[in-house]
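Shared between the two complexes below is subunit A, which has subunit B as its partner in the first and subunit C in the second.
Now for the complex of A and B:
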């Protein structure tokens, strides 16, 4: 009888709990869906978990993942739908979509958390409502350059970037940082998906390139690394967040041995509470091994966790969480948000001046088919110097 | 010199993969005058079939490859019977729209499987490393690509020149009415052309998967990347598909090697083949080996 009573209470409280919608729009199909698919699953699972475990302050968060096929027009349509419905925040995805929506985001005052870590998202103008979950691409690439400069002073480096705003994002800051570090950026090569990178690699080798730093996605990087091994080139490879990870190991196999990679997330096999939590959630919601292993899965979780925490705090403070007032209240909470969901190597902290959530990252190296951390979590002071001049 | 030679050989390898993928286009166009915009999706079907059989059912890679050839051919055959056959005699734009729709449909169906998003890699079945000569290096997967392409081209060459069915297909390609009057089943030939294109698509998918991993977007992109190859070679010419594919592959590599340093950011490989394509079409509007059709009004 008591159990029945509890059940009735839970059903009723769920039924009567205020519902707040939270939309994610990203590429479940189309270009970059190899990341978007897992990111969406991370959003969905964290949302379910937060509702089930009462992490929502009594609200029912209805998370909706929409496939925009990496198409900016679709992203905009989804954003406008969320806006009309009165959603208090929005989870975005691509660099192009986010940059295009910046003026609209500013105009309507909606908190927007993209999967793109382009520094331009949070640089003026129209940057008030944009929040990066982790360190920017620029900071990631500069961290890699700092690591290279320590390992090989005066090294010759080539940047191999995706042919898009996503790929080009860190190039200006990287060039400035290289000057400060006394290393030489020999060439910046935009590399699309291809079957063979012999020509590019031979050219790099002829110019004495010792390191290639990738701001790209895992597919082309894997092919390039395999080609470099086949050609017997003595070049080391360093990858920013989206260019590395378990996907790279799966695609490049043994050739990935020794690749260094920078990210703010834990690996699922690490002995860390964050890694165990990701694994637990994946198993709880019956996700396959490839989802649990993917670095994009906790990335989606983190974005959802940030938005849900801000919504919860606004609600707990007795403020509205839908419509115009809801957007304003959630934004106000974002500006003072400081909590540690344990999903990344540092806490999430935002302020009016700081729109980067997790300010720390680690460098990892591929050893024995796994990425293992070779540094403690750190921030790049050089990034602040070259980008903000402070 | 070895730099140029390496670019040339790598270009030949990539070009031979384009040639194999282009062959499927040409087979369908030659038989039925249909441009199949869903060819990239057939390439993906072939690649994912091999992957599923090897990884999930633990079958031998060559057996899986054989099954994938048959399976993709069957899918292509059924697609022709279901969607293309009712359109015989309809305006070409209707047929093209159907193949575009077919591409979306197949894309959607693949996304319902575990293969829609994500990167996959076939378990290694070839030795590591490769062959080196005159300062040029070719990996075993790349060698396999060239060998399989040569094998398929020789096989199709024999089929079209020596077999009765091949002769019937050539007859339909030359003149459908005349072929029908000689008792050739044009409908049957169309379906067989699609099945043959399915075989080449599966082979291309397997090779791309072996060389650079399996990802739906990349496989579909290969299907579209061979457009300049078939246009350059001539849409209805099998030797043209081969030559066109190889020319595009070599041009891409030479552009990357010699032009990219002159252009900030590089990326000339994406453009340069099209510049050459435009120049060739200026002088030879039907492509290098395409049939020049003269219509008398």
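Now for the complex of A and C:
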């Protein structure tokens, strides 16, 4: 009888639970979909988990993942649909799509959490409602330079960046930081679809380059790393978040040995509660191994977790969570959000001045076909000074 | 006696009648009725739906331009998105200091100048070689934007909110306001397109396409005609770009890259090369097809027919896009415009078909 009562309560509470929609729009197909498809699965799975485990404060969060095919017009349409429906927050994806939507986001006051960690997303103007889940690309690259300066003072470094706003964003800050650190950036090379980087690497070698720092995607980085190994060059490779990870290991094979990589996420094989959680969720929702191993899977989870937590807190405080008032309430919660979902190496904290969630990252090194951490979680010492002048 | 409401026979007795745009009153009436429908349509559509409609009309403008260069003049252009981009970036740079009704035509003129310059190689080269020259323009455009600090290296340049007759356009009426602006531009430029072939400049385009030596012998200047085709096609694209900049509230390089040029070509082919109606049917068909495939894929996904990790939506949308183009190329190279012609002919004498 008691069991029946609980069952009836659960059915009724599910049936009557207020539904709140949360949309993610990103590239499940098209350019960068190698990251986007896993990110989408992370959003879907965390959302299911939060609903099933009652982490939503009695709400039913209906998560919807939309394939915008890396097309800004599709992102804009999806955002408009979410806005029209009264969604309180939006999960975005690309750098271009986010930058394009900034004026509209500001005007309508919708909390927006992109997968792009471009610093321009949270820099003025129109930056009030944008929140990065982890440290920006600029901070990641500066952190790598700090690590290099410690490992080899006065090192000669080349930057290999993607030919897009995504790739170019950290370059000015990196140049400033290099001056402060006493290391030399001898060249900034844009690269994306090359089949052979022999000439570029030979030039780097002639200039005495000792480290190549990548702000790129894994594909071209893997090609360059393999070419460097083939040429027998004594150059170390250092990758920012989207340039490295398990995707790079898959693409570059043995050549990736010794590559260093900076990220705020755990690896699924690590002995850490966050890593175990990701693995558990992947297995629970029958995701294949490549999903669970991908760093983009927990990235999607973290974005969803942040939005869901803010929605839950607004609801628990008795505020509306849909429509104009819902957007306001969720934004107010975002500005004081401080919690640790365990998905990254530090807690998520936001304030009016700080729109970066996880402020910590680690440097990992590829050893024996796995990325293993070689530092404790840390914050860049120089980034704030270089970027904000404080 | 001739019936002014239906084509009951061939009563044309002079050249003017032969080139008349409207053969019967019924055609005039149906055009006015169609325009009336377009005018009241926004009252029945939501904001996201309006955005889609605006997008179709902007794409139609770009495809109209492509149909002048490639459809009428036969000059293959795979850099149309770059011309659209020239218009968009021109509008973005001028928007803080000039009203939109000036930035939009100036955007068109800037793209026309770019078209005139890009058209210069067409004086010496043809066919595939010319296609590669337009591809080079597309690449140069992307590189130039990516390395220009004034253009934010391809990052977003925000467009200001516009004011018109003391009325400030906010986000709630954004798509509705721009719909009427775009519709007006589309109607004017579509009439210009329709009338182009009735002028000697337009007929010269077709003559040069069919045989430039014969056209030369008949007193036309093939070189200038080709440059004119590129400039005019560029103007349409530039106007489309400037309008799109306002519509999307920011200019970002990704909206003007090579895949978008390919998309415009696909729209022109599916619609029917060189056709006015096809310039609207092509963009409408491909945009709506994509939306419907997305809905269908999501529905299938909701039924649980998709194995975890293998997203049906991932496969259906790009596959359908590719399949449609291949099927049109094989089975209906004249595009949707030919279907429109068949339907129109069926109803022309209806119910007295014979």
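Here, the second predicted complex is superposed on the first by the 387 of 390 C-alpha atoms of A that agree within 3 Å, B and C clash if a C-alpha of one lies under 4 Å from a C-alpha of the other, contacts with A are read in each partner's own complex, and residues count from 1 in each chain.
One rule holds in what follows: a contact is a pair of C-beta atoms (placed from the backbone, for glycine too) under 8 Å apart; a residue touches a chain by one contact, two chains touch by 3 or more.
Bear in mind that the values here come from a model prediction, so they are computed numbers and not experimental data.
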Report clash or fit for the pair subunit B and subunit C bound to subunit A in the combined superposed model.
clash
With both complexes superposed on chain A, which partner does A:285 reach: first (subunit B), second (subunit C), both or neither?
second
Partner chain(s) touched by A:37 [first = subunit B, second = subunit C, both, neither]:
both
Is A:254 touching the first partner subunit B, the second partner subunit C, both, or neither of them?
first
After superposition on the shared chain, which partner residues are touched by A:163: those of subunit B (first), subunit C (second), both, or neither?
both
Between subunit B (first) and subunit C (second), which does A:107 come into contact with in this model arrangement: first, second, both, or neither?
second
If you stack the two complexes on chain A, which partner ends up touching A:76: first (subunit B), second (subunit C), both, or neither?
second
Examine A:316 and indicate which partner it touches, taking first as subunit B and second as subunit C; both and neither are also allowed.
neither
With the two structures laid over each other on chain A, which partner does A:120 touch: subunit B (first), subunit C (second), both, or neither?
second
Taking the superposition on A as described, I'd like to know which of subunit B and subunit C A:218 touches: first, second, both or neither.
first
Stretch of subunit B hitting subunit C after superposition, from 99-107, 117-125, 171-179 or 243-251, is 99-107
State which residues of subunit A lie in both footprints, the one left by subunit B and the one left by subunit C.
28-30, 33, 37, 163, 168, 190, 288, 290
For the complex, which residues does subunit A have touching subunit C?
28-30, 33, 37, 40-41, 66-67, 69-70, 72-73, 76-77, 80-81, 83-84, 94-97, 99-104, 107-108, 120, 125-126, 163-165, 168, 190, 285-288, 290-291
Seen from subunit C, its contact residues with subunit A in the complex are 46-48, 51-52, 55, 146, 152-156, 158-159, 170-171, 248-250, 252-255, 294, 308-309, 311, 313-314, 317-318
Help me check something: in the complex, which residues belonging to subunit B touch subunit A?
3, 6-7, 10, 13-14, 17, 107-108, 111, 114, 116-121, 124, 128-130, 137, 139, 142, 208, 211-213, 215-218, 221-222, 252-254, 256-257, 260-261, 264-267, 269-270
So, in the complex, the side of subunit A touching subunit B is made of residues 28-31, 33-38, 163, 168, 187-196, 198-200, 202-203, 206, 218-219, 222-223, 226-227, 230-232, 247, 250-251, 253-254, 288, 290
